[in-house]
Amino acid sequence: MFKKILIANRGEIALRVIRACRELGIRTVAIHSDVDAKSLHVRYADEHVCVGPAEGGLSYRNIPNVLSSAEITGVDAIHPGYGFLAENAHFAEVCESIGITFIGPSSEHIALLSDKSKARAHMKKRGIPVLPGSEGEIHDLKEGLVIAKRLGFPVIVKASAGGGGRGMRVVWEESELLQALESSQLEAQNAFGHGGVYIERFFEDPRHIEFQVLADHYGHVVHFHERDCSIQRRYQKVLEESPSPALDDALRRKMGQAAVEAIKSVKYRNAGTVEFLLDQKGRFYFMEVNTRIQVEHPVTEMVTGIDLIKEQIRVAAGQELPYRQKDIHLTGHAIECRINAECPDKLTPSPGTVTKFHLPGGPGIRVDTAMDINGVVHPYYDSMIAKLIGYGRDRQEAMARVRRALDEFEIEGIKTSIPLHRRILDNPDFQKGPVSTRFLDRLLTLHST
Amino acid sequence: MFKKILIANRGEIALRVIRACRELGIRTVAIHSDVDAKSLHVRYADEHVCVGPAEGGLSYRNIPNVLSSAEITGVDAIHPGYGFLAENAHFAEVCESIGITFIGPSSEHIALLSDKSKARAHMKKRGIPVLPGSEGEIHDLKEGLVIAKRLGFPVIVKASAGGGGRGMRVVWEESELLQALESSQLEAQNAFGHGGVYIERFFEDPRHIEFQVLADHYGHVVHFHERDCSIQRRYQKVLEESPSPALDDALRRKMGQAAVEAIKSVKYRNAGTVEFLLDQKGRFYFMEVNTRIQVEHPVTEMVTGIDLIKEQIRVAAGQELPYRQKDIHLTGHAIECRINAECPDKLTPSPGTVTKFHLPGGPGIRVDTAMDINGVVHPYYDSMIAKLIGYGRDRQEAMARVRRALDEFEIEGIKTSIPLHRRILDNPDFQKGPVSTRFLDRLLTLHST
Amino acid sequence: MADSSRKEIEDLVELLNRYHLTELEVEKKGVRVRVRRDAAPAVSAPVAEPSFTLEAASPSPLLHSSGLPADLGQFLTVSSPIVGTFYRASSPDASPYVEEGDIVKKGQVLCIVEAMKLMNEIEAEADGRIVKILVESTTPVEFGQPLFLIDPQVSA
Amino acid sequence: MADSSRKEIEDLVELLNRYHLTELEVEKKGVRVRVRRDAAPAVSAPVAEPSFTLEAASPSPLLHSSGLPADLGQFLTVSSPIVGTFYRASSPDASPYVEEGDIVKKGQVLCIVEAMKLMNEIEAEADGRIVKILVESTTPVEFGQPLFLIDPQVSA
């Protein structure tokens, strides 16, 4: 097992990894930018190194300084968390080359799976259902029309280099296709410097279902069932839960098998997430593999009782998985609310100093946060300041616990997304069961008109 | 179901009940003494009534004021928590007479079971093993000698009216018995105004094992397995865990059956705890029934996934238990540390104002507390300010999590028992497994010499 | 207590402060103000912030500064010693025990606080004039809640 | 940073304060001290509390108040722009680039910070005299850690 691990991250995930290390008896090194010198992840680490000024590119993403920190502190391994360097194949490669274990998949896996068209082609070849669409980019209207007709309208035009919803156009009928192709290409060219677009079938009310997987170095792969991440605002996950109210046991088994197959087919190792789109008819399609631990991993930990960060570390240290698929059980229900520092109902972040920070507690409540009273929300970083996770025997109890914990959670000095979560939990459609990825945007549109 | 519940308590247990009520959609009324006006249990209740000055006897134990508060706020039920009026048969009786549900057993059950000699006689008649000893009080040396010889030395002389260790004498051989009887009688007479004593077999290294039970109004009784409360300091519980490292499945089943039988034999209802003494040879003896929810109930909630306070409320409202014994499973391991405001290694309380209160968090950690920054520890009440509960897949993980959470828990302005808990968790004997109720006193004696 | 009543109590506190109370402690959002004047006569002031939150309770007609005599620091507060329901009269048909402006004797019954069907008579602790009745009849009251202001310097 | 080093930095701060810095902000355990003197020249002071906790790091021989010239406010701090290991010489056998008391020119190499097997030369940002070398050779340094104090008013 490792003796000392450097955590190449900040905020709640850095603290999460420190907690796992403490429980395993492993020493920790925190890195931090100069403005983060007093952060909790620094306070709770055994050692800490300042790696640069506030901007992430000059500090947390600064590969030479991060690796120098690892060298001068003599760590065996680096945990990248999520974001920053977590899916940087080059960083993983350099770690490998200097003999420091990157706690995650190999650099080759990151490279393969971060190229979405490559990953899609690979999975399709293996017989895993992928979203129906064009094979590569579309070059003219005629080509687009053939594919769109084959798929059936509505279709969606997407930028190859896209992200965050930009360069996307939904096309409801044939006559709209030309304009959609042109405006999408133009927007993509302006936004990403590459105007290539492709076409996929458009699903009006899809659900975002993802499976947590873990693979050791000996070919063993298990999944930890699903997370439903359909509550999104402008393509950003807001609230996640496990199990999904949209799945029954048969579908859960089928999707779980597909997830394991996807992971096995690339000889993946360590933790990963296989994301699927689930349509209203219960058909699922592979979207992508996230080659990192995810923000929403705690809901899986709550319902399976397994500490995924500790498992990541054990697997990276070469330990064999101590269980098989049949040993992984879903018990109860968990819901996670991402608490962001932001003005409610808007997307604008709310940086500032936290003057009051009273955590909720009691049965079934877990809070993952590196925020504290007098803590500062910096404009340089992600605005998520806490994750509130509620666990109960069933969805009803999990909802009730999260709801009362939101009322207990008192944060002053900054605005937060707590009111948004109250609205979601008080919504009858959400309470009833499965909703689509468009649920929240519709709810907010209704509100603003 | 009830519409509104008054919580006749303060501190963490009052907040615990408020949380359960919120999750059930029941309105809450807090009562408080004048010095507690700003306590968290007051802040989080829907309504609150000041019932008297600081001293508990004039406020939280003031039956007329508590019941008037219930009347003027129009509640359906009263939850007594633990301590104060929780085991006051008269209070339960008055509640019954004015048509307010007392969330707990009937006044008759409280009366029967709070008289330890009656309860002992009752259980013995039913074939439940009780501690070997005299039938009632000992009046002279001759009578004592007969019994002591029958029991075999060592024996213990106890005051009938005793408590907290006073009036107790361990007798190792025949020649010591006379002096022990006399001094015990004298001490009991001085301390309690009643000099009656009796004799029991003395167990040198017993374990304190208790079973949580729940009975509805329809004759259904289930137990939620055991709690090991052997970590005590001068007869006060300090740290509790479930399951007990001293029990195997066969013994667990046997003791659980005895606990259910004890409860069924008196037609008990609502939550209760059957306490047993377990000797080094795996023999167990009924000690008493606690007719209330207990401080240490969270460890049972963690390993069974069942919210005992909500169950208490449901059962009191006349609902049938929705599960049977076979549905109650033990999963994982939980440890609770009672965090007291006290000077470490001493028993002296440490009242004052809390100037920093940083809660631990992350996976497997639950904190039940009504303390907060700027909160005041009053000298009038119990010194317990928080319960830190750690849950893990096994005892090893639970210990590791509690241990790291103790390091995260930052409290300033008062002294706490956190260092004491660190010492317990770092002790190899404790880490290895079962210890006796004398473990902690021995540990502290070693330290002080 | 309703917000409007709370506001009025704060006005009262301000006035008490102005008119030379022996001791006054106000704590709010971490700021504690403590005023003391040792030469003045002892006054029983409410010790804790009244925190009764019965939604059914209508705002008590607490005193307004405009209607107050100048020497407020001299007044005695009669507080409820128990939790119950405040009645100004012995029965719905009877006339109230006292009205504002009445001169009362020490030991005279001022009101009833009913608790558990028992009628508890609350008596004046000193001779004086009823300056203000702070709670409406049939209103629930908690321990320590101020009921009357009495001016002890005016006696029959 | 080891406790003894931290203590010395606090001494330094105290001195800087005594000798008329334009601005100084010290925050510790909720107490914030801010000192400002507008007439003095700008000085680059360490912005963040040095927080390096390498156990292996021996206490740096930071300046002692006794050895300091009076006009401390005038000094420039040369900080490490990267994370790495500080070397005063180009090789174990070579003599150090500079010694305390040396006069240096802007652009002159003062030390090496080695990171990932690369030797990064750190140069003087201004002409002046080396007043103090704050870190021992072969010691790890973090971003922003002060390495030298230079008195820019003394030049060759």
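Which chain is which? They are A, B, C and D, in the order written, and residues in each are numbered from 1.
The rule is short, and it goes like this: a residue touches a chain if its C-beta (ideal position, glycine included) is under 8 Å from a C-beta of that chain, and two chains touch if they have at least 3 such contacts.
Fair warning: this is a prediction, and the values are worked out from it, not measured in the lab.
The minimum number of touch steps separating subunit B from subunit D is 2. Subunit C and subunit D have centres, each the mean of its CA atoms, that are 67 Å apart. One inter-chain figure worth recording: subunit B and subunit C are separated by 42 Å, centre to centre, where each centre is the mean of the chain's CA atoms. Taking the mean of the C-alpha atoms as each chain's centre, subunit A and subunit C sit 60 Å apart. With touch defined as above, subunit B holds no residue shared between interfaces to two or more other chains. If you draw each protein chain as a dot and join the dots that touch, you get a simple line with two loose ends. Pairs of chains that satisfy the touch definition comprise A-B, A-D, B-C. Residues 15-16, 19, 22-25, 44, 298, 301, 305-307, 331-332, 358-359, 361-369, 372-373, 393, 397, 400-401, 403-404, 407-408 of subunit A touch subunit B in their complex. Contact residues on subunit B toward subunit C in their complex (touch as defined above): 32, 34-35, 37, 42, 46-53, 59, 64-69, 71-73, 98, 374. Contacts from subunit D toward subunit A in the complex involve residues 30, 47-49, 51-55, 82-85, 115-116, 140, 142-145.
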